[in-house]
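Heads up, there are several structures right after this.
In what comes next, subunit A is part of two complexes: it sits with subunit B in the first one and with subunit C in the second one.
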Partner chain A sequence: MASDTSSINGGYRVSAKLIKDNMLIIILLLELIIGVILSPVFLGKTNIQSILINTAIFGLLAVGQSLVMLVKEIDLSVGAMMAFGPIAAIALTEKILSGSGTEIIVGGNYVVDGLLLIVILVLLISALIGILNGIIRVKAQVPSLIVTLGMMYVLSGMSYILSGGYSLYLTNLEGAKSLGNNMIAGIPVNFILFLVIGVLVILVLKYTKVGHRIYSTGGNEKAAIYSGINTNFWKIMAFGISGVCAGAAALIYSSRLQSVETIQGSGYELISIAIAVIGGITLEGGRGNIFGAIIASAILCIMLNILSLVGLIAWYKTIIIGLIIIGAASQHAFSRRTA
Partner chain B sequence: MKRVSKLLYVLLILVMVFSVVGCGGGEKEPAQTGDNQTNTEQPAATGNEKLDALYQEVAGLQGEEALKFFEGLKDKGLSDAEILQFFIDLPLSQANEQIAKMYKDEGFEMYSKSYPKGETYNGFQWSKGSGTKITGPFSKNDLKLPFTDYVALPEGPVGDANKTYNIGVVFHGFSHPWLINWADAAKWEADRHPNVKINVQDAEFDNNKWASIMDSFIAQKVDGILVWPMVEAPTGPPVDRAVQAGIPVVSVDRTAGTQDITSRITGNFPANGAQAGMYAIWKLAQEGDLNAKVVMLRKPLGSTADAVRTGHFLKVLSYFPGIEILKSYHDTDNREEAFTNAQSALQAYPEIDIFFGTGDHEALAALEATKMANRLESRKDGKKIIFLSIDDSKEAITQVKDGLFEVNTPYTPLISDIGMRVLLNIVTKSAEMPKDVITPNIPMVTQKGDVIFGMQTQTPDQWYEYTFGPALN
Partner chain C sequence: MYLKNIHKQFPGVKALKGVDFSLEKGKIVSLVGTNGAGKSTLSNIIAGIYSPDEGEIFIEGKKVTISDPKAAEQLGVGIVHQEPTLVPNMTVVENIFLNKEITKNGIVLDLKKMKQESEKVLEFLGFHINVGKKVEELTLVEKEVVEIAKAMLLKPKILILDEVTAPLNKDEVDHLFKIINDLKNNGMGIIFIGHKLQEIIEISDSIMVFRDGKNVGELVPSESLSEKEVISLMLGSTLNEDLITGEDKDDTGQRQEVLKLAGLSKQGFYEDINFTLYKGEIVGFAGLKGSGITELFQSLQGILSFDGGDMYVKGKKVKFKYPKDGIEAGIGMVTNDRQGEGLALTLDVKDNIAVSSLNYLRNRFRTLNTKLLKDNAGKYVKALSIKTPSINQFVQNLSGGNQQKIVIAKWLLRNLDIILVDEPTRGVDVKAKNEIYKLLINEKNNGKSLMVASPEIRELLSICDRILIINSGRIVSEVHRNAKEFKEEDILNIIHSSHQHYTTAQAM
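Coming up: the complex of A and B.
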């Protein structure tokens, strides 16, 4: 009898642990079931593709943000970077190619040439800004919240100065819509790109010394320094990767809407933090994993899609999203206490 | 590590400086003004012989002479509507070089040309008192929709009474007083038809979310979509996708960045700007001095509302060399920002004669800042600063009534019901709808009702019932 009870208790503990460890997957599956029940078009090809594109944009931002949070920092500049990266890249491309007589902007605001250079410059500029954030953080010893908040304002202002506030059309730029709209076997190219980046980051964090150093930097910085880890370098790296992720997200965004505007990405920095938190990354640093952030981005995008399909108005949506963030953070905190 | 840091610092600063300075900082090269014999651009033919002849006459005039010409329009046999049309299509004059340069540098001509123009559908003319009182389904505000007789659709089922028509509505801003009333009017119209089911979605000022909602409507294969596009460029591709999927899309107010949209219901931005310009000149003439210093508090740079209104305002002012634009300040449709801008202007310029706001946020913020600075009557001889306001919120019209705003040129959100009716006509194939459905111009509102260049204005009491926003306590 006693052995029966202990085996039941043991089984219960195993089940409870299984649920606790896979909570995000369970939520994702529940969402899918709810989606199918509530809307007949939920599993439709167009709808799924739309969810995957959004997941790619928010997921990329969240992967970058998660890395920054793993080293116990925060990056509030990613949203502004999504506008500044493409705007600065187009302005620079125009300047560079004007030397060879190539006009890349016609009719005031139609971009018509220089795609490859623009793409490279978007990623380069975003990476440099991320690295600059990191350098200021570690060298000036200014909290990243302040540094990136300041950078957010600087980038927003510069986006307006460079663009004059006008949107740029990419509709006449050959190849510009590919990243945002093309599919491979029905799956958006940008989602595949996101998965590749996500998996790469997961593998690097899990199986290389880089991962150990990043987790150590965020988990216990002093101990990491004593054990010979250059924590400053890894913080700068995290900000740099976050910049690249924001640049990639900006490319998908601009390609999807075939335009670049000064307000694009506005507020996305908070969404990226929310996704990272839902995914189990803590603000204390050194805890959580990128897989969680990837699943969390899917959870958020599916949730928004379902709420939109059922016609729930924005007020209720924001309440639900807020509750999800609080619930997820509480659940993760509870799990850690009981682990 | 230090070397790398330094190198990166330098590199990034170079990129930023190069971007801002080297790339021209978004400023456009001023266009050549040429040596015209007359002050105005060669006026493009408007198709209205009477007006075209008048533009030839006014071309060489400026200052007092231009004023006299404007004052004589009624005597030339023009109706109120024709007088307003005269000012809307008035060519830019080179008489005021600063304004002419500003007009060209900011590309206002492009905005003016691309903005839909024409006659109202079936020659509809709005008359005072018409319309329908409602309680806003979302805002619960007491409203009166002015144009419910325009593209009229009887209450009851539309099209096939046995079919349910699913309509998607996407806009931004349940939290915005103008926009929530926009949504109110659309829903009110849909609710009049029992076989119409609508799904109203708020993209919360995020164009990616706007696109996602459009895509979810496409996935749902809705019968039609009514949209409020915040800006043009990013809203084109989603509209194109919907139209390609066979779903009619109708925009109301601002336009989407595609020519392939099924139909567009546009408001009266050109009239707003032209009326504000008319009033400014008329008021200065009443005061006996056509010299004035103007501060423009403007909506976001690049928005249709700002560019079309400001452009038409400046065109009227361009005939008067004594007008000086002290500064243009932009905000992001945010009253606090507009307030800060107004405060800066009051600090920077000891003499301000006119505040021109391209939206009600801007004019209301200017008034507040002026009161705080104790500058309300700071003009020469203790005259009051002139406030020109656009957008007819209850708050703005009340300021006209109280004599604090000199004029309001109404622009109402309560036009989305027209859009819904146009869309339902298209979806049910009940009537052929034009690509552009023009909203009638609304007379400007002044405290006592004046006659401005032959045009009768209306009083705040006459227009108040049509205003938007919550009731004032």
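Coming up: the complex of A and C.
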């Protein structure tokens, strides 16, 4: 019936819907325009590259977090995992390789060898911790907020014990800086990697059974169980993938700074939740999509960048992030009710 | 299909006590019984959602174990559940094919084929629904149709329909019955569960009656089979008469009016409720699930707002904004969700009893008078014979019956004039039931006014002075204790006659 009455009014309604559906992209474009107006450096090559690298790190965390939130859970341990993953991987690599006589740490805290093994172990350890989060969640029936909060504390404590609180330097490790700093045609490799992972996740959710499993687990768990879906398995999977994403983010972060800090990633768990929420993922589960989360991570990184360029002190940034989270969540909830 | 000697126990209840059941190809067997009689448990066992504690299941002569819903599907069992099993944020296709997706090469979903197939199923059911729409955007009827389509997708040999007609109107039911008959003629065996007996007599080849977890008889529908016969088999012959203590008070002119509702309405829940409650009476409210009684009670206490009509408490016009307003006006509600809404499970007995009366339990420093609190809690524990090791016991460790008494004690301590009780004895054993009845009658004799809602008509017959029957949010009948219709059969008859508005013979 609406199509029969396509008057001016109808046209207005269509464009309003168009704006509502593409709100995130519109905000992103607006930000770009504001950035160009406010700062001459904004469009500079290094500035753009720095935005893209940050987007890759936060975006990876947000993709993992979004999957967890889609199955109606939450993962507070990803920030702590970003420190623990590399620290534990290096410690383990040292243990493994010292048997064969290879020294991988010299001068107390300079990592010099074992890159490949470290990379593999970072991803493996992060995945296993994620899976452990999931298993505790479904087997002990403890809310994931609690499980992953506890895991966050355990991991930070272990990071301190393993590292003694000292930074590990990667400056003398051959190849260690490539992931964080190398460019292909001026675009950071890590950003390309992030896009590949992001697109892959989007495609898998849209075009394979996995998407139906994830969305139904979070959207109506009982319906999923009645349809014979093993919802516990998919929850564990989501936590596992979130772990892998945290591991990958840690690799980019450490490679960029060429060091591993005990406190790296702290607070990032909340930023990843913030991005997911801005991207339209809700705490009630089964709602929102990864594309939104990817755009949202760019929105957040560009905003932080602009605020730095105009010289706003850090605390104002936090206030603005807070307001954006509340605003975005209200807007999504509102548009859903009026849909 | 054949089921033999099925037993199933849930914590606290024996849901099925040795049920035999058989279904032939091309037949429709209906399961009827009061709530909790075991109909849904049996169908859930066949659908692989519960596994039986004891007993054997045979399908086409072969003994099978149905370990999960997927196994049931593979054995050719389709089920439409009583509760919604659709994912709101997913599309119709995605819901119909949930966990049954078609893929092109084992990995990539064949969206086109799934779309065609779901359109085909819906078309077969005679409905045109945009399959790309999200389920949350559908109407109630469309959702029900999608539920049926979901069960039909794999062309099951056995189809279980658990209360599918509830949201449908007469034409839609007729349409659905035509489809069900077609399926039956194609050789499908159908298990139909419902509350509307007229429908059941119309559609079934045989009617299996459940009572207290057993099948107590099988009836074959014919011209002469009446709803009454089915109901009397549902209830059994052992009516518990000895508890009846209510009385009819006809001299309404003499009595003090405590609550009056004039055309009270809440869109989507109840409509045009006219009712007067007098001092010292118990009025029962009977109706099916979703008839709007719970919402009406909630409105009277101020939990839910009403959007039409007027409400008077002791002659004074009121409109409550918060539950607190209702309590201050002297109205308290004993909820039907004891654990969710009635109690703080992790607090102890004394705190739960005192929670609504804390303002009256203060000492001269305006802080809580713990001694007074303990004394009062102790008094009610004793008066209501609540079985607890001490008043310091956590409420979650008590049985359902004792928990329920605590919810009631909460309002007694606050000394309210009007007590609304929604399902006074849900999940309560027989002994505690009788104690709760005595308790309610005792309060009535103390001059309190009570409104009691219950799915168990027998319960209402035991304690009420009159019973109002609610159908789809409207009062359709009022039966007084001295009326000849003050019988379970007659009241059930009125409740189960769907879409029929009785002229009310109100004596007010």
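Here is the rule we use: the second predicted complex is superposed on the first by the 333 of 339 C-alpha atoms of A that agree within 3 Å, B and C clash if a C-alpha of one lies under 4 Å from a C-alpha of the other, contacts with A are read in each partner's own complex, and residues count from 1 in each chain.
We adopt the following convention: a residue touches a chain if its C-beta (ideal position, glycine included) is under 8 Å from a C-beta of that chain, and two chains touch if they have at least 3 such contacts.
Everything numeric in this text was worked out from a predicted model, so none of it was measured.
J.: May I ask you to decide whether A:V189 touches subunit B, subunit C, both, or neither, giving the answer as first, second, both or neither?
T.: neither
J.: Is A:S227 in contact with subunit B, with subunit C, with both, or with neither (first, second, both, neither)?
T.: A:S227 contacts subunit C only, not subunit B.
J.: Of the two partner chains, subunit B (first) and subunit C (second), which one does A:Y215 touch, if any: first, second, both, or neither?
T.: second
J.: Is the number of subunit A residues in contact higher for subunit B or for subunit C?
T.: The larger set of subunit A residues in touch belongs to B.
J.: A:L205 contacts which: subunit B (first), subunit C (second), both, neither?
T.: In the superposition, A:L205 contacts neither subunit B nor subunit C.
J.: For A:I118, decide between first (touching subunit B), second (touching subunit C), both and neither.
T.: neither
J.: A:I299 contacts which: subunit B (first), subunit C (second), both, neither?
T.: Once the two structures are laid over each other on A, A:I299 reaches no partner at all.
J.: Looking at the complex, which residues from subunit C come into contact with subunit A?
T.: 47-49, 68-70, 73, 81, 83-90, 94, 97-101, 103, 107-109, 111, 137
J.: Provide the residue numbers of subunit B that touch subunit A in the complex, in ascending order.
T.: These residues of subunit B touch subunit A: 1, 5, 8-9, 11-12, 15-16, 18-20, 22-23, 25-28, 107, 110, 138, 174, 199-202, 204-209, 211-213, 215-216, 218-221, 231-238, 257, 300-302, 330, 332.
J.: Could you pull out which subunit A residues touch subunit C in their complex?
T.: Those in contact with subunit C are residues 207-209, 212-213, 215-216, 219-220, 222-229, 286-287, 339.
J.: Under the touch definition given earlier, write down the residues of subunit A that touch subunit B in their complex.
T.: Touch residues, subunit A against subunit B: 39, 41, 44, 46-47, 49-50, 53-54, 57, 88, 91-92, 94-95, 108-109, 125, 128-129, 131-132, 135, 139, 158, 160-169, 171, 177, 230, 232-233, 253, 256-264, 266-267, 304-305, 308-309, 311, 313-315.
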